[in-house]
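Per-chain numbering from 1; labels A, B, C and D assigned in written order.
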Amino acid sequence: MSTESVTGWNREAMAKRAALDIPNGAYVNLGIGIPEKVAQYVPEGREVIYHTENGLLGMGVAPEPGQEDPELINAGKKPVTTIPGAAFFHHADSFAMIRGQHIDICVLGAMQVAENGDLANWSTGAPDAIPAVGGAMDLVAGVKTIYVITQHCTKDGEPKLVSQCSYPLTGQGVVSRIYTDLAVIDVTAAGFEVIELAPGISFDYVQARTGTRLIAGKQLAA
Amino acid sequence: MSTESVTGWNREAMAKRAALDIPNGAYVNLGIGIPEKVAQYVPEGREVIYHTENGLLGMGVAPEPGQEDPELINAGKKPVTTIPGAAFFHHADSFAMIRGQHIDICVLGAMQVAENGDLANWSTGAPDAIPAVGGAMDLVAGVKTIYVITQHCTKDGEPKLVSQCSYPLTGQGVVSRIYTDLAVIDVTAAGFEVIELAPGISFDYVQARTGTRLIAGKQLAA
Amino acid sequence: MINKHYGSVASAVADIHDGATVMIGGFGEAGSPIELIHALIDHGAKNLTVVNNNTGSGHVGLAALIENKQVGKMICSFPRTANSTVFPDLYRAGEIELELVPQGTLAERIRAGGAGIPAFYTATSVGTPLAEGKEVRTFDGRDYIMERGLKADFALIKCQQADRHGNLIYNKTARNFAPIMAMAATTTIVQAGAYVEAGEIDPEAVVTPGIFVDRIVTVAAPAQESLLVAAGRSYP
Amino acid sequence: MINKHYGSVASAVADIHDGATVMIGGFGEAGSPIELIHALIDHGAKNLTVVNNNTGSGHVGLAALIENKQVGKMICSFPRTANSTVFPDLYRAGEIELELVPQGTLAERIRAGGAGIPAFYTATSVGTPLAEGKEVRTFDGRDYIMERGLKADFALIKCQQADRHGNLIYNKTARNFAPIMAMAATTTIVQAGAYVEAGEIDPEAVVTPGIFVDRIVTVAAPAQESLLVAAGRSYP
């Protein structure tokens, strides 16, 4: 199943597409990797407040080289900056924001997403792996809306969107929408519904790379 | 049972006696009434930090007339001041200090104390009373050491130190020591033990005004 | 642009519905959002469940809201005051319900509600009448009772200064329940002594981060409840 | 006079006993009390249970403590780092125990331990391997698991400034776990960038009130962990 001739969205385009769904005034937590890129593509005129679970609301862009402060970092332990109106707080308060459903949107990566919204993104369950979960389970259990950005398939071409996760779960029924290199897909009561296709990508092409039945959304007909 | 000819300690003397038992560096919460007076009698050279459950550590003395601030009050809703090194915090943090056993000593009034340390000080259980508990139950359940300052008997001459409380409890087995107008009494596994008598007061005099058997402490023989 | 600022206390409370649960900040008069409470009296929503440590003083603020028969139930720790018979009279007449909660348990229930904790265990009130009917459980040899987190539809609170993002700082012991009520309410409405641009409050000194704040009204010179009570004022 | 100041990191950690539970502040290197950790390495207490979000970097600080075989068990959320194999190697060799806890549950367990809450319910990890063996309970139609409060014998934390009473303020995201660990430990040991007289910290801006602090050591110019790691340093 070669994908050489069809590229779909690249990482930047995936982040850009997800950014369209971040409304003005939202409190947003962005996971490590492609999700981090969402911040730079939020349409102009929208003011979004970024939360990082290690104790900061109002996270700004990465600092200029040489301006890094080892005591001003994000959850990925990378140097960040603050915007005017930022606030620092301790870890229990930070996760009270998460667990208490005060964060509007969290954008995360995924290893697998099941059609019922189950998410696996912390462990392959391999016996020799060092288990490490961080804040992923707290985020998916607590944030109001969970978006996933992920390549549609693994590097080996295996589908990441599946009928049931084979990896250990991060949370049950938590994902609302998935942005892949091929499509934008909603998790609905009926299953995965494709609401948008990347340029040059057909529904059948996406279906062929998905581990469960897809629904073609009304939007695709337009 | 007249007490006219025998006065025992007055309110000031009771507070003064209790103050001797407040060590340097203690974090202390003082109840309304006679307990409040303890602060002014702590021996010189001891630095004590007063907690008030409405969100202040480092409470100072009452303000000069005209200097009252309606937003700087104690748990009894009276104006107070702060000492250098004070800290303000919210109610959940304040009661985390109490419930989490961070406050060393709380001095409270009492309606009844039982020989097993049970305390009743919030309600007579009268059917027409408006029940009101405030922070009393939190304090007795959470503070490391609970001292009671109380008149030995009610205004009607009824004993307040009893074998079992007849009033609704504030807490079970919580009181360590009682300072009355007649004596200082420890709550021990064997029951009430008189460790000190007010000037001119005999053990038998105290026993006659107590609702259960008293133990004469070794200290009394000296 | 984020804009949480409302032009009037009336507009800020206009959607508080009959039957709503409303947390009201303040310990006695310290931190009591009296202008917001009076706006709620003008607004007229009825059958409210109100969460506050007390039940108000005199015939203004919370006592006036109760006197105006807008409160069906009070959840509080200390419904008695030296200078108000509003609540006691209605309570004895059976016209208002009371859920009496120890003050620290009340604070923790509110904090839990805001932190997504549906229930927790505490030793407070074990063996007392306030533990009756509650689950008792032993941990490490000590008995505890289970208490539930407490949420609200609205919180009305008062602060010293708010910035455009809703970050708040308070004044001394007027802080009390406000930060946790802001966490526990779906919609948190703040009367601020001053309203400033984002960035004017030190990020290290923010007490309530803006994520917990929905509406801000500037009330630069709030009334002092005790002065109103002393002057024999009543509202409306 | 209250005096919590110790003359050296060595004297401040001298009574940490074998088998103690030690909470160590920091999220990665931000807030890591590296001088106190190194003093604990010099001190040599063994079979410690250490609570930290991570397991350290390189061969200094927490990673060095682990490498020195002083830690019998780690309680943490994320024991992997890009630049350390100390924990993974010992873990695979079966020489160190791991209790993996979701980060927010870890924070809440520590806060609960400090607040006298023996247990609470959370939706985090329901339906995942980390919920196995834990009590599940339904509140208002949603499943939650019960988690226990977490206490420690000692906490080692780092702050920006401490006053004589032990009131603390922090620097940016170096705050992280320190305030709640200070609450949860019997003995809280602080390395402070500056030590000042009581009254020099604004009472409105205190983050950790002095009641939670037992010992303060001034470490005016703490080492920066990432620079030590980049330089290939190891401790001792």
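Here, a residue touches a chain if its C-beta (ideal position, glycine included) is under 8 Å from a C-beta of that chain, and two chains touch if they have at least 3 such contacts.
Keep in mind that this is a model prediction, so the values were computed, not measured.
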item: Intersection of the contact lists for subunit B and subunit D; value: C
item: Centroid comparison with subunit A (C-alpha atoms), farthest chain; value: B
item: Averaged-CA centre spacing for the pair subunit D and subunit C, given as whole angstrom; value: 34
item: Subunit B and subunit C: spacing of chain centres that average the CA atoms, whole Å; value: 29
item: Chain centre separation (subunit A, subunit B; CA means) in Å; value: 56
item: Residues within subunit A bordering two or more other chains; value: 82, 88-89, 92, 95-96, 98-99, 142
item: Of all residues in subunit D, the ones touching two or more other chains; value: 108, 111, 115-117, 122-123, 170-172, 203-204, 207
item: Contact pairs between chains, per stated definition; value: A-C, A-D, B-C, B-D, C-D
item: Subunit C partner contacts - residues on subunit B that touch it in the complex; value: 52-56, 69-74, 77, 82, 88-92, 94-96, 98-99, 118, 123, 125, 128, 130-138, 141-142, 168-172
item: In the complex, subunit D residues that touch subunit A; value: 27-31, 53, 77-80, 87-88, 91-92, 98, 100-108, 110-111, 122-130, 170-180, 207, 224-226
item: Subunit D-touching residues of subunit C, taken from the complex the two chains share; value: 108, 112, 115-123, 137, 139-140, 142, 144, 148, 169-172, 202-205, 207
item: Complex contact set, residues of subunit B against subunit D; value: 24-25, 27, 45, 47, 49, 51, 57-58, 82-89, 92-93, 95-103, 142
item: List of subunit C residues in touch with subunit A within their complex; value: 1-2, 111, 113-117, 163-165, 167, 183, 197-199, 201, 203-204, 206, 209-212
